[in-house]
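Worksheet for the structure shown next.
Lettered A, B, C and D in written order, each chain numbered from 1.
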Amino acid sequence: MYHFRNDYSVGCHPAVLEALAAVNQESVIGYGQDDYCKKSADLIRELCHAPQASVEFMIGGTQANFTAIAAFLRPWESVISPVSGHINGHESGAVEATGHKIIPVHTPINGKLSPTLIRPVLQECEDTHLTKPRLVYISNATETGGVYTKAELTELSLFCRRHGLILFLDGARFGCALTSKVNDMTPADIAELTDAFYIGGTKNGAMMGEALVITDPALQGEFFRMKKQRGAVLAKGWLLGVQFYALLKDGLYFKIARNAVEVAQYLQGGLKNLGIPMMVDSPTNQIFPIVPNTLLPHLDELCSYEVWGKADDDHTVIRLVTSFATPLASADGLLKAIKDLT
Amino acid sequence: MYHFRNDYSVGCHPAVLEALAAVNQESVIGYGQDDYCKKSADLIRELCHAPQASVEFMIGGTQANFTAIAAFLRPWESVISPVSGHINGHESGAVEATGHKIIPVHTPINGKLSPTLIRPVLQECEDTHLTKPRLVYISNATETGGVYTKAELTELSLFCRRHGLILFLDGARFGCALTSKVNDMTPADIAELTDAFYIGGTKNGAMMGEALVITDPALQGEFFRMKKQRGAVLAKGWLLGVQFYALLKDGLYFKIARNAVEVAQYLQGGLKNLGIPMMVDSPTNQIFPIVPNTLLPHLDELCSYEVWGKADDDHTVIRLVTSFATPLASADGLLKAIKDLT
Amino acid sequence: MYHFRNDYSVGCHPAVLEALAAVNQESVIGYGQDDYCKKSADLIRELCHAPQASVEFMIGGTQANFTAIAAFLRPWESVISPVSGHINGHESGAVEATGHKIIPVHTPINGKLSPTLIRPVLQECEDTHLTKPRLVYISNATETGGVYTKAELTELSLFCRRHGLILFLDGARFGCALTSKVNDMTPADIAELTDAFYIGGTKNGAMMGEALVITDPALQGEFFRMKKQRGAVLAKGWLLGVQFYALLKDGLYFKIARNAVEVAQYLQGGLKNLGIPMMVDSPTNQIFPIVPNTLLPHLDELCSYEVWGKADDDHTVIRLVTSFATPLASADGLLKAIKDLT
Amino acid sequence: MYHFRNDYSVGCHPAVLEALAAVNQESVIGYGQDDYCKKSADLIRELCHAPQASVEFMIGGTQANFTAIAAFLRPWESVISPVSGHINGHESGAVEATGHKIIPVHTPINGKLSPTLIRPVLQECEDTHLTKPRLVYISNATETGGVYTKAELTELSLFCRRHGLILFLDGARFGCALTSKVNDMTPADIAELTDAFYIGGTKNGAMMGEALVITDPALQGEFFRMKKQRGAVLAKGWLLGVQFYALLKDGLYFKIARNAVEVAQYLQGGLKNLGIPMMVDSPTNQIFPIVPNTLLPHLDELCSYEVWGKADDDHTVIRLVTSFATPLASADGLLKAIKDLT
């Protein structure tokens, strides 16, 4: 059985476990005020060429999203998000539970936003009987594997700054975005072009944890009280600092993300060669083959995967995901098995 | 340097780390839908003689408190809490951020609530211009080490049921409460007498995690969506199930809690023998000596501790806390060093 | 200048003003606990054949919407609304500010919901990472003048009951809906088929006020505390009771609504005769002519109206609204003036 | 039967009713964008010597309080209020429902706050596990008739500015405060010393309505969207502008407030002469006699009043309130009747 269900179905990278074990007996100050978090935050500021940034270690993506958004916005302000944005469809109304409307915007299938798509929302919301859009939420990579180019993110960033919009980037799959072939950005580029973003740990080598980077100093104030209020302060906060330090201190984070991307790309290429088309051409660790329904029972025995949706009466879009821990052999094995079937 | 600052300043018990390491490479289903969580929940239901209970693994205490309270209450309903309750004073307004008022009630120094203290609040709130008190929040042990007896909790429980109040018990220090000398309750007693409570992992052997037990079926509905909304669903949810299983499967949880209590009690006895009085006679792992201010600079070099407050112009109340990892030798060492000083 | 901008641009019906003046010097008990509110509520229960219903006088539509919705829902529950629903587009995020997501559903241009449109939302939301849809929000009449037939509302009602959905009807334009030609329902039908709805006063003869009727007893509990919390309890609550009594005691409410509808229908017919098509064929007091852009400067001098949107490069949809106070002569005058122009 | 139950049990001053009747047939632009509101706001800015202030007409006190407070604060910020503050005890958790904690502070029986009382709260809240106190809520007059002197308000104002605290003054009884004998402030003084306050209409001559004056420009932004979101935008917004204009254009507001105060003071003096002591010496339109319990059945027949609380086993504190509409003859009548009884 090959595992392609998602990128959070194994524990952490062995180096991370080792790092956690190494400090396990130490007495450390709580609530993220420790030296591991400090060192890790310094490392991230350096990596992002953003000495002014604050780095906040959060436990998970949903928590990072709603805590940041609620901290940044005033009550009458709203969020512009792709319809496919994780906050819009998969977080059980977490942003709305903090009191803010999400304005969903239809995008191309790659899930990417652009000024052209946002402009009509701004125009409509000039009517003061509506909320004031104030934050643009994007993901890199998107839910369908879309990766922003530097040109695209620059255009979006300039547009947001001109219109007083906060640009917030969900980086749950930051590693795979930045190691995909179409990427032409560094972490420093992301930091420069956004007002806040996060470096996802959960889906790339950590047990849990996202490193939220708030690059705009105007958005940083009293964030500790906010985190505490939203359950985002881990008593043993160093657990997060230790993990990010292990992942980032010598580039392990990007090395393992690259593995995930390469295996997925190998699998995508192989499937195409077998005549299986893709819903979208994804350059990341998530791929979306359109398979004949008759293949599904066989796939059920071969591998774990998720059904993404119906393509037509006879075909289904499935999602295959690789992670830092997926060996190339799994892709190979699956390809061979499918070839044998067809 | 002896460590008495708090009970969450070291990692997890070695057996817990081992259990985590053992499953680290496995592919496990996410979001707490896995077998480890299931087994762990079954174990807890058994331990509590509560087959009807639902068990929800939460990441931390603040999160467990506000998620449960917000799930249980309607918008116009409020919480009765001791002034010293953790939700009232140390969670940055987390409960109010979910929209609910906390009505603070003054208690004796042990922090325990009783029907006598609650009754006047109910009378005042018959006025419908006020909120409707609907949940009574207590902690066992309390913030000052108070432990409820079975008679006390039974009286409170009967009172709450008669008045339609949900009784919610914060069990961040559940282990130390149940292993203290004054305790006469089993987990099953707690489960029977409350509507919901949690078994604290963070402060007793786990890396992180609290096992929320909702014994009243009427309060259980759709809790997964609620957890997801509040950032309480860990993608790698099995991390919590694995830890609680390791702690509970053979009584390790109570064994290590007992150690914490015994070391603290030894220290408390020793300090009294040295003529140092206590702010309150605590039977748990937290003790509150009243020390001369002149002793503080010496203590600063001897051990970590927290200043609890001013006793009078010349004396300070400090808090010393032990944990599962505190050796008796630390207590001994500190006692000897203080004796030498005085 | 003819006034067709909206149906809330004049004060109240003279009979309402007279009723208010008549009690102005009386000493009356506050907060809606008075006899005027009681009599008025009794009258409404009678009108609706709903002796079990509670009647809550609210100050305005937005307040009625968010207070009722927030009172009815649990935190993880959401609202299904037409994209064009007032709560979705014109209330500045009021529902989301109470913590609940609105799931917008595209409808035909008449703005009406049906089981066919709701079913896919329910299917998608079986995934517990999403909110639980729990309330269906409809308006009668809709924002584009749509009026539900008894068959339609019955189908929707049965569907909602089968799926545990609360059916909530925004009746800001209740009077015009029930006096339109396509209507085949009585207030009692509405009461029977919905779980809560309101009889709009602001847009039909009152100074302000909506009479919220909660027909499902399970939804009524502690609503006074809820209203108080949301600013919906008027100190001089009798002001609302007095107005509704004046409007409803002898059918004035429906008589004046009928006037609004008739004038609008006369105007719609006249415009069509002049070759001006409609965006939608509205049977109520709001009509939506598609006029050549060249006509707009002339209209600006003739009457007040609202621009609804662009039809094509050369045409604009405008909205003309009549009220209880619009004389037929205004419609006649406008028609003649337009005829002269064209 | 004499009416002393409260100051909102009769309609509006006849001049206000007349003003409303005068515009009743006019077609006016909605949502408070009309000329009546504009003129009224200009008048208030002039009265307050505050050309930079924004004036927002709200429907009632609870709404004014929670809308302003929620608009001014960030999520982690809290409100310091006297225990007796209306927001703390009589608004059904309205402020908490917007997500903010109220920190209750014990005051002298007159209900007035001072820097001495606030300072310890600030010190305690330096701990970032607590909320950040950001707004000081006071009432003038207080719930027990306390009136701030200019010296007191100046001291409080300077303290707030030094500590970055917003000073918000609930002016539900603004008229009676400013016409009481102990008052030495003008509306301009209040405007200068606070960041926001309101001029209460409901309790002094209006049907309903409070004029919220936001003197600090930094707090004014996007308030219309906020009001709309909280149900505070009346469709027929001019109803509020018209009323305030009628009350303020020639000083009627203060003239009728003075009447209320004088009658109450006359009554207070008379009762004292009859040997009835007061719970607190109130200089406003609310007085608090301590009456023997044996007198209560007689009072029940003589007048309406409210029981404030128990003084001792044999005595009860009652509250007698006058309004703009209370004739001196009522006070005289009550005094004579009591004299006859005793």
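Note that a contact is a pair of C-beta atoms (placed from the backbone, for glycine too) under 8 Å apart; a residue touches a chain by one contact, two chains touch by 3 or more.
The structure displayed is predicted, hence computed values, not measured ones.
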Chain pair with more C-beta contacts, B-C versus C-D: C-D
Farthest-lying chain, centroid of Cα atoms versus that of chain B: C
Geometric centre distance via CA averages, chain D-chain B, whole Å: 42
Whole-Å gap separating chain C and chain D, where each centre is the average of the chain's CA atoms: 34
Distance between chain centroids, defined by C-alpha means - chain B, chain C (Å): 50
Residues within chain A bordering two or more other chains: 75-76, 91-93, 97-99, 128-131, 225-226, 228-229
Chain-level touch network, classified as line, ring, star, complete or other: complete
Touching residues (chain side chain B, partner chain A) in the complex: 3, 5-6, 8-12, 14, 17, 20-21, 23-30, 59-63, 66-67, 91-94, 97, 202-203, 207-208, 225-226, 228-236, 239, 304, 325
Sites on chain C touched by chain B in the complex: 31, 70-71, 74-77, 98-99, 128-132, 221-222, 224-226, 228-229
Chain B contact footprint on chain D (complex, rising order): 75-76, 78, 89-93, 96-102, 104, 127-131
